[in-house]
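Following: one structure in structure tokens, then a few remarks.
Going in written order, the chains are labelled A, B and C, and every chain counts its residues from 1.
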């Protein structure tokens, strides 16, 4: 195995991490949902990724305090959240399943959450939360009449009405239309900048990439990787980097590049040249020079497998 | 690929076969075929065919119990025939009284299987897949109704056949006995058909209102039990209190009315449990009306259900 | 003959108008259907399938009217609903065969088509096991198979990648693309995910609050812009300065230099400048517009339609 764990990502140097797990595990009889997971998170947004059944929801529920770990420790803001209602005030959870009463209006539902959290000015807080998710126009209609995306936004409003320090979201974009998604991504970004710790799970990697670069990847209950996905990619030394190039003369460029020690494979495709290198930085330094030497114009140079999708694919399959 | 002698002339040959998607150019049948397919599939499902073994347990055991008594009577036919000759047998099962006495088993059959028929598709939201095919909502409802009616009819007729065989064997000459028995047995067919339709329509109409099998089953059982018990209670109270309208209530009982209607088919008078004011024909009308009513409810339910 | 056509199509749910005098015309291909703000796209699909009647206006599929000729349409349309719609106690083979027969295929044709279609969607031995034990990915494949079994001319897929993890999504999108291109079947993919629509579809239908927002080939929305992005690992400021001094219009955004593409000679200048400065070159790429730009530019419609 050539992928190494990065040390404690996301930790602000002078504060205790908002979330810290050490050897956390959770099993149900023979089913091990979460297995020996350790990480810590500070302020900012982190994406929680993994195939279906990897244990993401269980992990989020442990952080929210619904489940006690079967082994190891789970700490949120320095304390174990399990059965600690005083800590719940600092945590907001948006669960995946439908969990809103259809007969309440959006406003009533959010206010209900505010009151459950013991807020004094529940009405005001509810209105503010509704405004933040953009549900003002529909706030006084019963949730049963909402579309799926609107229900999701109501759930998010309910989870942040008490302005928690830690926000946990399980597939929060599910059912939202494009505009709502963009708005939600902006909202999460704002909250992260404001110093909140946000952990959200999602299968839509191109969106996760847009919100931030910090990720946690779970596979079959184990933590497969954590940290900035670009740094994770750099650690995958056993996997060569692929770069796709369009130039004025692909074949000529291919021949020139093959002479470079940084390159170990070139492939001519229909209209592009695919280059494989084990030394990405070295390659990046020579590509312009090599093209000039060959007298070939570089029109497009695109890294083919640096995206989050690519990194995730590798982590899940290894 | 031909088997070639490598020494012989010619290069080795091989073929790759096209496994790509093929379009369908054949026949496409219509509503009737679709309804028939659903009917057959539904009927198989009621008896548990095409499902795991556990699904076969309830229908076969219950239907088996229902037929059990007729089979016993058949097994002891030689003994019974003696008692009949002696005139001491008064309480045997006949085509006409079989359902009245043992109908309870078929209530269980309906409570066990009717929810299977209509709740499954609602629970798992399969209905849109039907309604976006060549199948109208009314086709769906009627196909389901036909399947449960058929299943019940089969369950009802098995003991009739057993009784028939028993009666034939009791006679001295089998063939002659068949000749005399058949006309006596024939009214069982329309009687049981009405019974099957009536019980099926009630069961499906009521079960179709809940996607959860347990609720439907309980609701259905409650309906049968209450609609048998309550009118009977009111009638007997009314007899003493002198309510003259109370006897009409007996028309609303599902099982007892069917017993009365069966009597009409066999041309035999009603037994003493029935009020003397109404003849068997009244029960016939009540049962036919019940079939129409509950079928309409079933069709209405499937017209309104969202898919 | 247009694949799908509507004229003033309207659907009212009391106070809420899901579709408001919608006019559109779509030809064969792989069509992405996006709905902003409400249930317009689901309502449209249900009307095209004849599941709900329109309040006003007309619609036709394959030249057949959705109200008058709904049973005819259903022979040639396959539908993959968004929600779970599979009973758990039968196998995929049994279920798809049953559905093929309800579509009107005779028994042996239904069996054969089912076997073929299950192979095309990628279900092998698991097809004989009960659906209840399937993973989400396998269930989605069964849903697609039952839509394909009767060889429709048009497939309506409502959020086909719903609930799938990234690997599953890729496989499903690949399958959809193959269906549209190799199998010669027109496909309408209703989705909220613009990324996958860009990846798979050739035409875009965008509905916003019951109105038609956009109806055009995807290529119109993903055109290249006259801006070239040059990304380097370090020294972007020096690169920007050097290019400006060469007379090019350049701005810097973190490690990326954005250049106005006026002349192809720009590429040579970029190459030479990078080589001279000895900078590690990460990326050179002409920017494209993205589908989501449509939704960023149009203002949200007041009223929060459901």
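For the reader, a short list of remarks on this structure follows.
Here is the rule we go by: a residue touches a chain if its C-beta (ideal position, glycine included) is under 8 Å from a C-beta of that chain, and two chains touch if they have at least 3 such contacts.
Every value quoted in this text rests on a predicted model; they were computed, and no experiment measured them.
The greatest centre-to-centre gap from chain C, using C-alpha centroids, is found for B.
Innermost chain of the displayed assembly, by C-alpha centre distance to the whole-protein C-alpha centre, is C. Distance between chain A and chain B, defined via averaged C-alpha coordinates, is recorded as 56 Å. Rounded to whole angstrom, the centroid-to-centroid distance between chain B and chain C, based on C-alpha atoms, equals 48 Å. Rounded to whole angstrom units, the spacing between the C-alpha centres of chain A and chain C is 23. Those residues of chain A that touch chain C in the shared complex are 49-53, 134-135, 137-138, 141, 145-147, 149-150, 174-179, 181-182, 203-207, 281, 284-285, 287-289, 291-292, 297-303, 309, 312-313, 316.
Within the complex, the chain C residues that touch chain A are 16, 34-39, 135-137, 162-169, 192-195, 233, 264, 267-268, 270-272, 274-275, 278-286, 291-292, 295-296, 300, 302-304, 306. Taken together, the chain B residues at the contact with chain C in this complex read 19-24, 26-31, 33-34, 37-38, 41, 50-52, 55, 120-121, 124-126, 128-136, 307. Within the complex formed with chain B, the chain C residues making contact are 49-51, 71, 74-75, 77, 79, 81, 83-90, 94, 98-99, 101-106, 109, 113, 116, 119-120, 146, 150-151, 182-184.
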